[in-house]
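In the two complexes that follow, subunit A is the common piece, with subunit B as its partner first and subunit C second.
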Partner chain A sequence: MSTPLLDRAAALPRETVPPLVDLVTALADNKHALGLRYGEWCSSGPTIEAGVAATAMAQDELGHARVLYGLLEELPGAPRRSEHEWAAGDARTVAFVDRPFPSWPHLIVANLLVDQALTLVLETALGSRYLPLRQRTRKLIEEEQFHAVHGQGWLLQLAAEGPRVRSVLDAIIREAWADAVCWFGPDRGGALAPLVAVGVLREAGDAVRRRFLRQIGPLLRDAGLASLLRADGDGWVPAEALPWAEWDESRRRMRRG
Partner chain B sequence: MPEALRAPTREGVLAALSGVADPEWPVSIVDMGLVYEVGVAEGVVTLTLTFTATACPCMEMIQEDIRDCLLRLPGVRDVRIEVSWDPPWTKDRLTERARVALRRCGVTV
Partner chain C sequence: MQRIGDEPVYEVFARRVDGEPLRHVGSVAASGDALARVYARSIYDEESWIELYVVPRRAVIPVESVRTEAVDAHA
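Moving on, here comes the complex of A and B:
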């Protein structure tokens, strides 16, 4: 017998509402911030084509924020948000996207780590029992495919410029690393575990992190930028323990940020 | 029967929507495949609509155009629009008429 869908917010088990509100708010706010950050490079990318790509990705991210903010409207206790107004002091973003990117490689690292971490979390909602979330997810993931290709291509291109650029990239990856790799939650998902238990998400925590590292590990290795992770069997693991003591579960970011 | 009292039909609504153009292309929203469902009951038209992209800048404009169009139909007193992203829009939803029009504009479909 299949598990019945939860077709509206009132059907959600009470204990799942606060973590779902936190997760959707953080997903949407990070996408909103990515849209603003990408947009700042519309006319100042290293090539005309790069600026056009940044423009297209900015538009996508702002569209995704709009779709996800719509999801918040029916969740009790959710903050009020609009794609037209940045939530400034209350935004649930990772530190890396809080401020304008000082260089094009910063945009590429955000594209590769932050953007793709959010996408992997969205993928865990593809078959969600919570219908309003499930109905929005596939479209967002489809639109993200091009962002992943963009980040991968540019990272390899930049890394091929030589050791000086690789050293710069390595330092930028370190800035974004902890927030991106912790975004899936600790162990079995931490605050996201109740959402997995009732089928709102398929999985969280280590399972999604392993998939993320399997996705970026070979790319970072090929780019000569794999200092923060190491191969482990048929997958990849962080080379150093993740700083969970600094991780803020409800705001989904490092406290030091 | 006076025209104002005639009950609107699903077919009538679709025919009217065929006159609502996508603001970016010379193609109607019906030929673009943006209309997923149409319901008509007691003068209320319910539409399930999608858009080609979540960042479509014309979403509100298209919905305004739809309301303006349908509220002019005899017997329609309200229009309720629900936006759906499931299934996602793809080029497969374009009608042959839309494909011809888009190719004429230089779009490969």
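Moving on, here comes the complex of A and C:
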């Protein structure tokens, strides 16, 4: 017998609402911030094509944020958000997207790590029992495929510029690394575990992190930038223990200061 | 891998409806096929194409052209 769908917020088990609100808020806020950050490079990318692609990705991300804010409106206790009333001080964004990217390599690292981490979490909702989430996910994932290709292509191109650029990239990756790799939650998902238990998400925590590292590991190795992870059997693991003591589960970011 | 600003050119072709010939709609410069697809999608998506292709300019074989050298220079 198949598990019945949860077709509205009122059908969600009570204990799943706060973690779902936290997750959707953080997904939407990060996407909104990414959209703003990408958009700031619309006329200053290294090539005309790159600027136009950044603009297209900005449109995608702002659209994704709008869709996810719509999902929040149906959830009790959700913070008030809309694309017209963006309150950056209250934003649940990772630090890397809080401020304008100072260089094109920063945009590419955000594209590769932050954007793709959010996408992998969204992918775990593709078959969600919570129908409003499931219905909104597929188109977002389809558009993100182009963002992934963009990040991968540009990382390899920048890395091929030589050791000086690779050194710059390595430092930038370190800035974004902990937030991106911890975004899936600790162990079996931490605060996201109740969402997995009832089928709102397919999986969380280590399972998603392994997929993320398997995706970026070979790319970073080929780019000569794999100092933060190492091959382990048929997968990849972080080279150093992740800083879980600094991780804020409800805001889904490293604590600041 | 080409240096930034020195990427090869890809010609972009598209078709709006079944039966219509593929037509040349523009070009993009990209370091590889994957990025060329991303750029073509970003730049030439105003119309509802049913097909959109990128072709490396170096793969376009001149049959008769007084501008053969100019084309080759950017391939």
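One rule holds in what follows: the second predicted complex is superposed on the first by the 256 of 257 C-alpha atoms of A that agree within 3 Å, B and C clash if a C-alpha of one lies under 4 Å from a C-alpha of the other, contacts with A are read in each partner's own complex, and residues count from 1 in each chain.
Keep this in mind: contacts are C-beta pairs under 8 Å (C-beta built on N, C-alpha and C of every residue); 3 or more make two chains touch, one makes a residue touch a chain.
The structure presented is a predicted model; accordingly, all values stated were derived computationally and were not measured.
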item: Touching partner for A:Gln135 - first (subunit B), second (subunit C), both, neither; value: first
item: Comparison of subunit B and subunit C by subunit A residues contacted; value: C
item: Partner chain in contact with A:Phe101 - subunit B first, subunit C second, else both or neither; value: neither
item: Subunit B versus subunit C as contact partner of A:His64, first or second or both or neither; value: first
item: Partner chain(s) touched by A:Thr47 [first = subunit B, second = subunit C, both, neither]; value: second
item: Residue numbers on subunit A that touch subunit B, as the complex places them; value: 59-60, 62-64, 66-67, 134-136, 138-140, 142-143
item: Subunit A-touching residues of subunit C, taken from the complex the two chains share; value: 1-5, 7, 28-32, 34-35, 37-39, 41-43, 45
item: Subunit A residues touching subunit C - in the complex, by the definition given at the top; value: 46-47, 49-50, 52-53, 55-56, 146, 149-150, 152-154, 156-158, 160-161
item: Of all residues in subunit B, those that touch subunit A in their complex; value: 53-57, 84-89
